[in-house]
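Next come two complexes, and both contain chain A; in the first it sits with chain B, in the second with chain C.
== the complex of A and B ==
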């Protein structure tokens, strides 16, 4: 279900599941657009040489996925804040899943707070945080 | 502190508490305590309350008595401090204990914490011991087995694959008892793991007594 107004939102509502495209190809496109050149994001071998388990999805790209999920749920929403805590790296070319759950509704001011989690296939939380969203 | 809501099973009162939670008082906590309560009640999460174990501090100023009353949940306070063996939950924090230790230190000596905090009628419990760097098992390999540990957190809601198993193996080998806590930092993660106690727990002192009685069990409600 997509929402348009604050009246459409229910406490505890789960946003539609979102599977981000963490492929190396997509990350390379993002990094180029962002003007970044670090090989740790675009080359598994180079990342391993830096002691990492493989290429990483940039943090701002993960935040972009979170924003995309919110707009998939509420296309007219204004995202006021996305506040993330990066617990573990989001790895390129590995499946991840993003969940969002409404945990606070301020109907008076039309604000919604959403719990956000990026998990890997093992169900391990890699990134968590909250978003504050303004709906008409 | 209002009394907890209790469940009676076969004429035996049982209380289930999530012993490891963080609110916005912690630097990486994003959950408001009132939203925890709302979430627990709306989702009918089978816990009777929770302990706020804020990182490197004891939150003296927050008063949750109104929330306790309105939600019927037991809300207690503890702390999560940092030692050379990793992170440690502390239950039964007193003013004297706060004067004796700098909770904000990231290198408290575990042996001293365990010994002297016992004298202050508090209990220290190493948490997520199977976690790399900040868990006790990783540091046992460098520092040896610490004396005085009786209880560890064997179920942690934030554990990655294999971490709880490492802890449970360590606990079995060293004869430790286990508690459970969600280690929640956002609202929807509360209650993933908890600890079941026989009898009533309505305040921090009773929690310490219940832990000393050693009749608790760690439980997981992860899906």
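== the complex of A and C ==
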């Protein structure tokens, strides 16, 4: 269901599942756009030489995934604040899943609070966050 | 061991960095698409409300991470999180000015000792001086014992 207004939102509603593109090719595009060209994001071998298990998805890209998920749920939603905690690395070329759940609705001012997580295939939370969204 | 209250009194809310950023159209489109954005206002430059995605300010890095005379704690700083408060749309071609200050300093103590959290905030302004966004970076440092 496409969400357009605050009336379309239900407390406890889960946002449609979102599987982000964590491929090395996509991460390279992202870091070029962001100006974050460190090898630990773009090269598995270089990351291993730094003692990492492989290349990492930048935290700011995970944050971008969370925002994109909100817009895929409600394309006109205006993000008022998004706060993300980087709990553990998100690994490049490994599947991850994003979930979101509506935890509060302020119908009078048209604001919604959403809890968000990025998890790996083992179900371990790697990034979590909260967003405040305005649905006019 | 540094006293956090003293650090807060000395360093909070004082700008220690100022930097300008150019907002490039192609880069914000690539940024948005790589994140999975499909809303045309972030991906289509012909859209009437075309703008950078809301998390774009998180990618803008200050020239300095911390004030010049800020004490070192002996541990390695780790990126603990990012927060963004978008206030106005960021349009391509605009030059943004970012002013950075320490917004918060606090500690948490666990089994392995004290961890110091530093929250730096970059306030972004457009050429007219309008405040367009805040971008916070949280860094955590596990303090090394001096013994």
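Operating definition for what follows: the second predicted complex is superposed on the first by the 136 of 136 C-alpha atoms of A that agree within 3 Å, B and C clash if a C-alpha of one lies under 4 Å from a C-alpha of the other, contacts with A are read in each partner's own complex, and residues count from 1 in each chain.
Methods note: contacts are C-beta pairs under 8 Å (C-beta built on N, C-alpha and C of every residue); 3 or more make two chains touch, one makes a residue touch a chain.
Bear in mind the structure is a predicted one, so any value in this text is a computation, not a measurement.
Enquirer: So in the superposed three-chain picture, is A:83 touching just chain B, just chain C, both, or none of them (first/second/both/neither)?
Expert: After superposing on A, A:83 lies in contact with both chain B and chain C.
Enquirer: If we overlay the two complexes on their shared chain A, which of chain B and chain C does A:122 touch? Say first, second, both or neither.
Expert: The answer is first: A:122 touches chain B but not chain C.
Enquirer: In the overlay, answer first, second, both or neither for which of chain B and chain C A:110 touches.
Expert: Touch partners of A:110: none, neither chain B nor chain C.
Enquirer: Applying the document's definition of touching, compare chain B and chain C: which contacts more of chain A?
Expert: The partner that reaches more residues of chain A in the superposed model: C.
Enquirer: Quick check on the superposed pair: does A:18 touch chain B, chain C, both, or neither? Answer first, second, both or neither.
Expert: In the superposition, A:18 contacts chain C only.
Enquirer: In the overlaid three-chain picture, which partner chain does A:71 touch, first (chain B) or second (chain C), both, or neither?
Expert: Only chain C is touched by A:71; chain B is not.
Enquirer: Which partner chains sit in contact with A:26 here, chain B, chain C, both or neither? Use first/second/both/neither.
Expert: A:26: touches chain C, not chain B.
Enquirer: Touch test for A:60: chain B only (first), chain C only (second), both, or neither?
Expert: In the superposition, A:60 contacts chain C only.
Enquirer: Using the touch definition from the top, say if A:134 reaches chain B (first), chain C (second), both or neither.
Expert: Neither partner.
Enquirer: Could you pull out which residues of chain A sit against chain B in one structure and against chain C in the other?
Expert: Dual-contact residues (chain A): 83, 85, 129.
Enquirer: Across the complex, what residues on chain A touch chain C?
Expert: 18, 20-21, 26-27, 29-30, 32-36, 59-61, 63-69, 71-72, 75-76, 78-86, 129
Enquirer: In the complex, go through chain B and note every residue touching chain A.
Expert: For chain B paired with chain A, touching residues are 28, 30-32, 35, 38-39, 42-43, 158, 160-161, 185-189.
Enquirer: Using the touch definition up top, name the residues of chain A that touch chain B in the complex.
Expert: It comes out as residues 11-12, 83, 85, 87-88, 101, 103-104, 113, 115-117, 122-125, 128-130.
Enquirer: Inside the complex, what are the residues of chain C that reach chain A?
Expert: Of all residues in chain C, those touching chain A are 27-28, 30-39, 42, 53-55, 58-59, 61, 79-86, 136, 138.
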